[in-house]
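Next, two complexes with chain A in common: one pairs it with chain B, the other with chain C.
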Partner chain A sequence: MSTGGELLFVVCGLIAVVAAVLTVSLSNPLRSAVALLTHVTALAGLYLTLHAHLLAAVQLLVYAGAVVVLFVFVIMLLGPGALDSKAEPRGWVSKTVGAGLLALVAGAIAFAVGKVNPETVAIPGCPDGQAECSQFGGVNALSAAIYRDAAIPFELVSMLLLVAIIAAITIARGRTRDEKELTDSVDARRFARRAFPSDAEAPLLNPAKMSTGPLRGQSDEPSAAE
Partner chain B sequence: MIELLGAWAPLLPVLFVALGGLGLMLVDALVKDKAELAMGTFVVLSLGAGLALGLWNEPVTAASTELFGGWVAADRLSLFLDVAICGGAALAALLGGGYLREHQLERGEFYVLVVFSAFGGMMLGRSSDVLTLFVALETLSLGVYGLVAFRRTSPRAAEGALKYFLLGSFASAILLYGSALLYGATGHTDFVGIAASIEAGDAETRLTILAMALMVVGLAFKVSAVPFHMWTPDAYEGAVTPATTFMAVVVKTAAFGVLLRVLFVVFGDDMLSAPSTGWPRVLGALAAITMLGGNLAAIVQRNVKRMLAYSSIAHAGYILVGIAAAASGPADAGWSETALSSVLYYLLAYTVSNVLAFGSLILAGSHGKEAVSYEDLAGLGRRHPAVALPFVLGILSLMGFPPTAGFFAKYYVLSAAMQMGTGMLWLVLVAVLSSAVGAYYYLRVLVFLFMKQPEPGAVVAVPMRSLYVVSALVLSGYFVLRMGLAPNAYLEFALEAARTFG
Partner chain C sequence: MDIGLGTYLSLAAILFGIGAVGFLSRRGILLQLMSIEIMLNSVNLTLVAFNRWNPSSHAGQVFAFFVIAVAAAEAAVGLAILISFYRLKKTVESDRADLLKG
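The block that comes next holds the complex of A and B.
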């Protein structure tokens, strides 16, 4: 690895570790999110030192660009007060046990990494001007792996995503118009205190929070809620 | 047509079903009457089954094998599973066409999910790499989670779907962990490569055994074997009945298909599959507790759908007996083809019998009053003999009463196990005893149908009128009788598929 690469590795590694610690230790959720953003950006830098250019770009696009933004969205939607806890719920016992476990796991990982023979894990060095080097983790190598070698599982994954979307819509769309007509008659609307109008044994909801939408014409169907 | 596809030909049924599903989504956007979709789904899926049958005698070319590159298998076992899965899913779609319209739940997503889940099941049946196995299993499962939650306004459906989803994700994670360990132990993800590595002694034994245990647990969850069955009754009861039918027949068939492939191809090593020390002994124990647990729990049920759920657990136990028997022969005799073919025959018989039983349950109720408990069925045989007739046939077949498909299925599995000598005798004994227990709750349905009368003043379930449901019942009833009266052709079909494992 060249001197520049080593410098990049050290800087990005330090930033990643510090930002990761800040992510879990800051009390303001918005600041945690920004620390997470710093962390994933630093990780992208680490990927660059491994010659995984495409992975670094995808890391920026997906994690920094989309995932963290989603986090921020959720935090802002919930409002600043929703997530901060004034009282510290954990006592010193659980803190000590947690720290001990963490030290144990971290020590085990460090020990295992230290025992690994470097010959088997080293990324081949990259003399200037060698073409194969840019292949590792680059667009060419990745697309060859996905679209040629593993084309069948890749297409299968696209079907998996399609099924997941349809299933999600099926659940989210909920009821047909007929079902709404049936269950949301006037009586049902007025007295809908049940989470599930079709089932008489379902637990009652808080009447203060029942639907206050406009009422429709009187239905001669007996209310399903009764 | 086959020449046109060239090397892709062995995937024709799967590709057709996938394209059919995409086409149905377009049709769904354009038509108003959603019941048309049930017919379309039935046509797509039965054509898929027909294509699989048409490919039965087509040789697999070297170009195909190279094209598939170890990701998917092209053999008769996968075609057999295609037929069973597509057939079961097509019948479930017909039941859906009647049920959803009657209960005003008609939405196009149901049929699209049925087709795509069936696609996942077909891919699962032919997967020969842990990567394709996992993705196909998830395709199947995600669709089924959506189907269970289809009637979202019902708390039972929500409860069942959530339980199924959480436990199912957990089981998938266990399966994935097993696959990762297997990769760590052997350095391969394709079934053949893993098997070769284990055979050559390159793999670390302890890691391989742990991986095998985790993978078997993950798949045992999908076939709902005791003690991994907790989700089954709730999910079966909560789902709309056509979705329950789909789960009972398609998910089980696909999961058993891939379980066969995993056990006999990946872990077919002499040491791992030794009858006394390897997985056959474990599967035998699993089969015994599954049969006992399923049958005993079914007795105390008061809801017929829940009873059928426990009965499906018990049937998983009988199928596991056949799988354990296939590997329990003398040391160098290889797999018992008789036992393997009895397992496959059982899957077919189980599919048609369950469609018949669930379909009759659908037919017995109508809008406003669905038939779910035993009391709802009281006196139905007197009032509507035409509805009770398929019910009787389905129940007798599930019970294993001649001359139905279920009788020969049980008979073949048990006689295959008997041939394996005294080592399997205890398992056969448990199977016979537990089917005797099972006769109690199956006969109870018949007692309620013909010998009881509804309580005075109780709301009586009125049978619905639907050509869709009736045609599904006629089709499955035909196969139940056909496989019971002349089982040879079907057994031969299963035997040819079983020779895949050679």
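The block that comes next holds the complex of A and C.
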């Protein structure tokens, strides 16, 4: 590996580790999202040192361009509710012991695999006078590998993404008032007006099932004049 | 400084440990999803590093490509579940998802 490559590895590796620590330790989720953005950008730099050019571009497009933006959208959608509550059930002793144990395991694995050092394999470069060739990690070579050797998994991934889009829309979209009026039985709507049975701290009314219209078949509700 | 395959694997193990600590110690579902992303990224780094030392095929990079796609789908569905959960409970803490507790 060239000196420039080693410098890029050291810089990007340090940034990746620091940004990952910040992501899991900062209390404001928006700051964590920015730290995650830094983390995935540093990982794209690490992919560059591994001669995976197309994968670095895909990493930036998908993670920095889509996933982190999705996180930021959700944080903005939830507003102040996205913040953790201040009451912390786990004390600092158990947190420190747990983090120390996991750090020990990760450090042991890192120390063990750090000694794995096969000799460097040179990657053949393009011939002189040819700017583009089907080189390792480039667009030509990787897309040939995907479309020739992994064509069926690739199509399955497109199906997976379609299913994920539909599932995300279906789960995240609340029901409208008319749909609640149509589908919910009177008993379900009465139940929705009670406090959550299993949770004393839950809000008194279940907002997901709450309907503001008059309950049909209940005498003590003020009925609409007809 | 000699940077070989083991250096990349060590870095990936450390990043995976950080993600695991974050997933286990944070209670906000948002932060847990971000920790999952960190862990998936570290696994991707392992795959790409192995592929660099075996450049006759692109199996590792293709696998990392698929892992990125699956991670994007997982993030989308997980965040949708988070929005639905927040609408129900007015909180983002995973400890409060206890409707199945007897």
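Methods note: the second predicted complex is superposed on the first by the 132 of 226 C-alpha atoms of A that agree within 3 Å, B and C clash if a C-alpha of one lies under 4 Å from a C-alpha of the other, contacts with A are read in each partner's own complex, and residues count from 1 in each chain.
By our rule, a residue touches a chain if its C-beta (ideal position, glycine included) is under 8 Å from a C-beta of that chain, and two chains touch if they have at least 3 such contacts.
The structure presented is a predicted model; accordingly, all values stated were derived computationally and were not measured.
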item: Which of chain B and chain C A:Gly98 touches, first, second, both or neither; value: second
item: First (chain B), second (chain C), both or neither touched by A:Pro153; value: both
item: Contacts of A:Pro29 with chain B and chain C, given as first, second, both or neither; value: second
item: Greater chain A contact set [chain C / chain B]; value: C
item: First, second, both or neither for A:Phe71, with chain B first and chain C second; value: second
item: First, second, both or neither for A:Ile166, with chain B first and chain C second; value: first
item: Contacts of A:Leu46 with chain B and chain C, given as first, second, both or neither; value: second
item: Chain A positions touched by chain B in one structure and by chain C in the second; value: 149-150, 153, 157, 160, 163-164, 167-169, 171, 174, 198-199, 202
item: For the chain A and chain B complex, residues of the former touching the latter; value: 149-150, 152-153, 156-157, 159-160, 162-164, 166-171, 173-176, 178-179, 182-183, 195-199, 202
item: In the complex, chain A residues that touch chain C; value: 1, 5-6, 9-10, 13, 16-17, 20-21, 23-25, 29, 32-33, 36, 39-40, 43, 46-47, 50-52, 54-55, 58-59, 62-63, 66-67, 70-71, 74-75, 77-78, 81-82, 84-85, 89-90, 95, 98-99, 102-103, 105-107, 109-111, 113-118, 120-121, 123, 136-137, 141-142, 145-146, 149-150, 153, 157, 160-161, 163-165, 167-169, 171-172, 174, 198-199, 202-203, 206-208
item: Chain B - residues contacting chain A, complex; value: 18, 25, 68-69, 71-72, 104-107, 109-110, 112-113, 116-117, 119-120, 123, 129, 131-132, 135-136, 138-139, 142-143, 145-147, 149-150, 152-156, 158, 161
item: Chain A contact footprint on chain C (complex, rising order); value: 1-11, 13-22, 24-28, 30-31, 33-35, 37-38, 41, 44-45, 48-49, 51-55, 57-59, 61-62, 64-66, 68-77, 79-84, 86-93, 95-96, 98-99, 101
